[in-house]
Amino acid sequence: MTEPHDDHPHVPGPSLWPVGFAVGIVVLLVGVIISWWVAGLGGLIALAFAFLWVRDLTAGTALAHAPDVAPETGGPAAGEPAAAAAVDEEPEERYPRSKFLELSTLGLGGVIGGIVTAPAVGFMIAPAFLKQGQKDHDIGPLTDYPEGKYLIVTYMADASQGEVSRRTAFVRYNGQLKGQPSFTIISNHCAHLGCPVQANGPLDEKNTKQIGDVTLIPTVSIAGFGCPCHGGQYNTEGNRTAGPPVRALDRYSFSIRNGHLFIGKPFSVSHVDGAGATAVIHKWTFSFPGEHVNGLESWLYPIQPPH
Amino acid sequence: MATRRLTRKDQIQQTILYPVDWLEERSGLVGAIKYFLFRKVPGDTNWFQTLGSATLTAFIVQALTGSILAMYYKPDPTIDPRTKLPVAYESMQHITNDLWAGWLVRGMHRWGASVFIILMFMHMGRVFLFGAYKYPRELNWIIGVLLLAMGLGEGFTGYLLPWDQTSYWATVVGVNLNGTAPFLGPFLAQFLNGGTYIGSDTLSRFYAIHMLMIPGAIAALIGLHLYLVIRLGVTSPPWSKEAAGTGPLDGQAPNGRVGRAGLSRFRRGQ
Amino acid sequence: MATDRIAERRRIFKQYKEDVESRGKPFYPFAMFHDTVMSLVVVSVITGLAIVWKYSTPGDHIGTDPGWLGKLYDAPADPGTFSFVPRPDWYFYFLFYLLRIFKWPDTVVIGTVGLPTVLLVILIAVPFVDVRPERRLLRRPVAIVASILVVVSMGVLTYKGATAKESLGTELVAKVPSWAKKQGFANNPKAIAGAKLFAVSGCLNCHTYLGLGGGFAGAPNLTAEGAKNKGIDFQIRHLENPAGVNPGSPMPSFQGLGTANLTKLATFLEASKGGK
């Protein structure tokens, strides 16, 4: 009697299909964050490899022959003797019950695990990546910004989050450029590891203005910015002049409505040529501190999460 | 057959043993505890080998003080309009200044963290110098390294909870450090932050990781770590005669004469 | 060869197990006594530290003044701050100082994640690299040297991380009276005003003065600048246009401060004769 319904657990042979399935799941999850097309592709890959995997697992069972042993021959004790009879009589021609139960248990267990963990894990990860970005914020009338002087501006980027969303920027009015006001708005997060950067120069704190949640502190004159954590230094345009920062300071885009300056989304800067209104700002997607945006090392960070 | 009349001492002993036997018959627990307590260890185990259980004690202190602090701490960074302070900071102040023995429990938790980390490093050093990571204890060593990494992770996530200036900015730098890892770094940083910046969800995130996820993992790994110690046995110090049988001249006494292979001579036997 | 080694170590372990059974002592009470004493020490140390932390805080033992073991807590978190020096907890100081060692922008990723990851991998790989059954210390020179190196380097890095100072404007201003005393310009109000400007304008990000400051630009020590007698006019000219006076100098121009402020700065520099 060859291979009766075995008491040993059926250990599947080595196979590459689970790897493909895992890759499909990863692409699916990354796609949920980045783009629905990628997610769809991931789902298709996962399905394809899942199919191949299950087919591989069930390949040992022969479904070719219809069961010969009819239940009627069991007589009064149909259940147990029939099963016993089935064991004795050529089980390889029947789809063994134990194998079916094994695969169903694993399969259903997998489904249960998926139903429970997928939404939960998705809930843990996805909200950090969806619906990022904040609305433009009013940081005061244009008249509060004298030409050529930096002001330290703190504001609450998202009123619904409260004080935890407070940010600081260094804002300077550069005069007119082609008939439009030009501003330099520099973030105070160091481009090395995010420490709060200081202005190198005395502040004119007597003339601090408070407009709602926005505070404007004028400076007398600053020669650049310095970071207290690891000694990074920047010039007045935000270019790195010394220390470990990997790029220039980030900047904010801005808009002007009804004579008020609105601060917008941040973006990263590799370097700035020139100064003031006519500066050429080399702009990159907003990246976390410490990440190179150009050069060889920027290949370490090929994809940015949605900011 | 005549039954001997039981003495008072026997009667007391029977009363005490009755529930123990009851438990043992139904669960086998008593036998397991007895096995743990009375198992044999080498006679010349050293004071250095108490560092492991000392680390466990420090962890238990952390778990206990931490769970109790959690009854009073509120992981909420929003500003309380009445006091103009963040709620989390306020609850920490309340614990430190107002509640009875709050300063003591908070202090024990904060310094217990430092002691826990120091002891982990010392225990790791002791295991390394005793060669107790060698066969068959490699798996235990790997579990230990994972425990070290998770202990440091606990320190990092716990540091944010008081929500003062030091907490906030140390966390900003720490998250950005993770962000510089190649390829997945930016995703990891954004996942830890709960968004692009530290926001209203970050504190509760760190709290959940600090209170539930990492301690759960640490407890499970400690259980595994201890199981392996009991199963594989405790090593004797490297200067004991037992270790002398493990070199290339296996079986030879240090003076070169051939002795019985691997025989260990404990100085103080049973 | 490999199977010989495997069989050998299995034999050694079996022998160990048999010896422990026959010659060992029960864990309780012999080894457990040692464990209990050590645990008592640990708990006492933790409690003692907590008590010292609280009661060495000056005044009512509450608030943000530091005691012997540091502050009970700092000011509340201010995400918009521009005058704070972040520091991690002390057991991360060695990583913190590693970041200052890898100060060139291209090497940043080595200090942040490269080196720590490599060290973690080496740590995990230890039992697979060292497969000899030898445990006697004198016959394991690599292990001894490695452990000494690790302990010393982590100790040095932690110490240097703990003592790393930054030139934070608001903290430096508080030092001006002690500078005035040391340099002897305490009765010169212009010099004092100049000293305050010096403190907040980021000069100590590059220059050193009376043991403070530093940075990466290798700028000269200004403690005894006045002793060189270059004169106030020279100082003002230099501050207005450093590269003009000193070709190739990376120092930015401080012209924007205005003549009055520059005079005060120059007075301060000329009054810095080198300290007592």
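Per-chain numbering from 1; labels A, B and C assigned in written order.
Basically, a contact is a pair of C-beta atoms (placed from the backbone, for glycine too) under 8 Å apart; a residue touches a chain by one contact, two chains touch by 3 or more.
A quick note: this is a predicted structure, and the numbers were derived from the prediction, not measured.
Most remote from subunit C, judged by the distance between CA-atom centroids, is A.
Across the two interfaces under comparison, A-C and B-C, the one joined by more C-beta contacts turns out to be B-C.
One inter-chain figure worth recording: subunit A and subunit C are separated by 33 Å, centre to centre, where each centre is the mean of the chain's CA atoms. Subunit B and subunit C have CA centres that are 28 Å apart. Touching two or more other chains at once are residues 77, 86, 169, 172-173, 177, 180, 182, 185, 197-198 of subunit B.
For subunit A, residues touching at least two other chains, in rising order: 163-165, 167, 193, 195-196, 229, 290, 300. Of all residues in subunit C, those touching 2 or more other chains are 77-79, 81, 84, 86, 99, 108-109, 112, listed in ascending order.
Interface residues of subunit B, counted against subunit C in their complex, comprise 36-43, 45, 47, 49-51, 53-54, 57-58, 61, 77, 85-86, 89, 92-93, 96-97, 103-104, 106-108, 110-115, 117-119, 125, 128-138, 141-142, 145, 149, 152, 155-156, 159, 162-170, 172-174, 177-178, 180-182, 185, 197-198, 233-235, 238-239, 242-248, 250, 261-264, 266, 268-270.
If you check the complex, the residues on subunit A that touch subunit C are 152, 154-155, 163-168, 188, 192-193, 195-203, 220-226, 228-231, 233, 235-236, 240-247, 290, 292, 297, 300.
Chain contact summary for the complex, subunit B toward subunit A: residues 77-79, 86, 169, 172-173, 175-177, 179-180, 182-183, 185-187, 189-191, 193-203.
In the complex of the two chains, the subunit A residues touching subunit B come out as 33, 125, 127-129, 132-133, 157-158, 161-165, 167, 193-196, 229, 286-291, 300-305, 307. Across the complex, subunit C meets subunit B through its residues 8-9, 11-13, 15-17, 19-21, 23-28, 30-32, 34-35, 37-39, 41-43, 45-47, 49-51, 53-54, 61-62, 69, 72-79, 81, 84, 86-92, 95, 99, 108-109, 112-113, 120, 123-124, 126-128, 130-137, 139-140, 143-144, 147, 151.
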